[in-house]
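Two complexes follow with chain A in common, the first pairing it with chain B and the second with chain C.
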Partner chain A sequence: MTTPARPPLGRSLLRLFTVQGSWNYERMQGIGMGVAEQPLIRDLDGNGTAYHAAVARAAHFFNAHPYLCGLAVGATARAEHDGVPPQQVERLRTALCGPLGALGDRLVWAGWLPLTSGLALIGVALGLGLWAIFGFLIVYNIGHVALRWWALRAGWAYGGQVATALREPVLQRAATLSAPAMALVAGVALPLVVHYLTGGFLSWTRAVLAVVAAGGFVLLRWQRARLTGLRFGLVLLALAALIGWFWQ
Partner chain B sequence: MSIALYRVDDRLIHGQVVVGWGKPLNARFIVLVDDSVRSSDQEQELYRMGVPPDIEVVFASTAEARQRLSEWERDPRTGILVFGDIDTLAALAANGHGVSRVNVGGLHHRPGRSERLRYVYLSDGEAVKLKALAAQGVEVTAQDVPTTRPVPLEDFT
Partner chain C sequence: MSPPAVLQVMLLVWGTLVGLDLVSVPQAMIARPIVAGPIAGAILGDVATGLQLGVLFELFQYDILPVGAVRYPEYGPATIAAVSAAHAGAGTLGFGLGAVVGLITAMAGGASLQVIRRLNTRAVHRAAAALETGEPRVLARLHIAGILRDAARAAVVTALGLALAQLARDYLVGTVWSRGRVLLSVAAVGVALAAGTAGTLRLVGRGPGLRWFAAGLVGGAAVVWLR
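After this line comes the complex of A and B, so read on.
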């Protein structure tokens, strides 16, 4: 087997942005993974048999955090070039689902996204207006695209030894610090946002809002298995619209 | 406590196991029963990375699991036992080894399997093996996470 000196990682990265596009219960992200891996394994040796078999393997069932899928794409493509036995390639993909999902959740969903959103909310509350929103979109996506690019490159660099990439101190430190940093920003943002949002209300309506917020918090904790913040928010919106309609 | 959950899941250890079940059960150890993972340090390291450091992960082959099952059942901590296929489950439950309840948490698409639930794909042979286990007295239900309804075996085989 030969490993390309200049693998088309850029093309694979572009395709990785669509990895959720073909999500389904049968293969979850599998089809998207196959599409993203295809440029990296296009030149596998043989009369096309190795290539076709590798694409089919790449499109098998897979599910992980979408920003870190590239790590599995790069690692399995490299493993295919290195001549790793097919069964071992499949086992590598399966083994990556859990850690990539857990790491992505900690880094992004519970870290980078609420952290940058909180900073944007602070900016809006302090009067920066649309600039805060544009700033959020730019900063969040710099981190997002950088993470996707790092994942793909690291996967390709390490192949079957990809666990080494996940042990990198910078990554481990980011995963450890992301939750406390997010909590700090959320703590700062909350009173500022409450002050900003309730600025136009009369004092007694602020008291009503405080009761509704406290009641909602308790209700969400109590009924956490059945009630979500989204559902509760939608019910509140409907109630507010109804009350406003009668008020007029 | 003991083993609170015997789970068949071809993704083995992932978010649904660690967070979905692990948190409400307050699991303190997870046993992964898989012959291939048992013999691969790389794979073991990857699976360990998906688990918080305060939860112990034990890797066991099917033979080792048969030997140590009663030891895990006596463990004062709560544990989860995960295996990736029905053959491993059948080997473990054979001869009354103490597996009384099994959770089918995720068996995904492969050639030869058909969809039974959104997260359960089974071949006819696998469905027969699950029914045989049920006939031996093992309670088999499908349930991906604790917040969903457990589906009885007869509804997905």
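After this line comes the complex of A and C, so read on.
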């Protein structure tokens, strides 16, 4: 087997932006993973048996954080080029699902995303308007694209030893720092958002609002397995419409 | 007053892009209400309403952690529909009406995601044998079909939301009484604050994050007081 000197990582990265396009309950992100890995394994065995077998493997079940799928794509493509036995490639993919999912959830869904969207909320509440929105999109996506690109490159560089990449100090530090930063920003955002949304409310409506918000918070915490913000919102809006109708 | 047809088409296109961004392509977070709402507002020439409803639905969005195969409402196209509804009933009335239209659309959007996932599963199941041959064209066909299905889904959800907004404009704007308007708005903001705070605290947890959150609350309150 030969490893290409200049693998088409750019093409694979572009395809990774669509990795969840065919998300399904049977293979989850599997099909998207296969599509993204295909450019990297195209030159395996002169497009013959090894290539088709590798493409079929690449499309098997996979589920992880979408931004970190590139790590598995790069690592398995490299492992295919290095002639790693098929069972071992399958095991590598399976082993990566959990850690990549957990790391991505911590780093992005519970860190970078609420942190940057909290900053956008602060910006809007302070009157920055659309600039806050454009700022959010730019800053968030710098981190987003950088993470996707790092993941793919690291996966390709480490191949079967990809677990080493997950222990990189920068990544660990980012995961550790993102949680308190997100908590601080969310805390700052909350009073500002309350002030922003209730600017036009009269004093008695503010008192009602405080009761609704506090009661709703307690109810959502207490019944969090059954009650969602959406359900609670629909019920309360229906109730508000009914009360308003009687109280004309 | 209904927005002109060309603006409705622009909202539909924007809603389709927003719906696609949520899961399929490219997850750049234009699907976040804080982005979807203000851009919809800009299309309608009413950025202020777009920003307000964007903030409101962003709080609802904090109630969701999109991990694995979890089911969740779709707030992107919902916020666009909400802005379209609220645009007609300026001020407090618009806010409450927008919330009603938005929450119903969000529920429909969430249900439509399940339908698409089931349709994708069926398609993959049917192509199982062909997939095992490792033919890249089979993969590409399934993948592109999945993306197109999601685009159609997003367009339908946005169209449904815009139709609901139209109904709200036609039948409710002139008939909803003043106390009802205020109560709807208070309920919408109250629930959004409750959902946003509960969701944020789930992310923050009980450890040192809670102390950072408390410090932030004090800082944010100080900024409000100073302004």
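Here is the rule we use: the second predicted complex is superposed on the first by the 229 of 248 C-alpha atoms of A that agree within 3 Å, B and C clash if a C-alpha of one lies under 4 Å from a C-alpha of the other, contacts with A are read in each partner's own complex, and residues count from 1 in each chain.
Please note the rule applied: a residue touches a chain if its C-beta (ideal position, glycine included) is under 8 Å from a C-beta of that chain, and two chains touch if they have at least 3 such contacts.
All values derive from a computational prediction rather than experimental measurement.
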Combined model on chain A where chain B meets chain C, clash or fit: fit
Partner chain in contact with A:L113 - chain B first, chain C second, else both or neither: second
Partner chain in contact with A:A175 - chain B first, chain C second, else both or neither: neither
Touched partner set for A:Q20, first chain B, second chain C, both or neither: second
Contacts of A:A163 with chain B and chain C, given as first, second, both or neither: first
First, second, both or neither for A:L209, with chain B first and chain C second: second
First (chain B), second (chain C), both or neither touched by A:V84: neither
Chain B versus chain C as contact partner of A:N63, first or second or both or neither: both
Superposed model, chain A: greater residue contact from chain B or chain C: C
Angular separation of chain B and chain C about chain A, which is computed from CA centres of the superposed model and rounded to the nearest 10 °: 110
Which superposed partner A:L103 touches (first chain B, second chain C, both, neither): first
Shortest span in Å between Cα atoms of chain B and of chain C, once chain A is used as the common reference: 8
Shared contact residues on chain A - chain B and chain C: 25-28, 63, 101, 105
Footprint of chain A on chain B - complex, ascending: 10-15, 18, 36-37, 40, 42-43, 45-47, 49-51, 108-110, 115, 118-119, 121, 147
Complex contact set, residues of chain A against chain B: 25-28, 61, 63, 91-92, 94-99, 101-103, 105, 160-163, 166, 225
Parts of chain C lying in touch with chain A, wherever the complex brings them together: 23-30, 32, 34-35, 38-39, 42, 47, 51-52, 54-56, 58-63, 65-69, 73, 91-92, 96, 99-100, 103-104, 106-107, 110, 117-118, 120-121, 123-125, 131-136, 139-140, 142-147, 150, 176-177, 179-204, 208-210, 212-221, 223-224, 227
Partner chain C, residues of chain A touching it in the complex: 17-18, 20-28, 31-32, 34-35, 38, 51-57, 59, 63, 66-67, 101, 105, 109-110, 113-114, 117, 120-122, 124-125, 129-130, 133, 136-137, 140-141, 144, 179-198, 200-202, 205, 208-209, 211-217, 219-221, 224, 228-230, 232-234, 236-237, 239-241, 243-245, 247-248
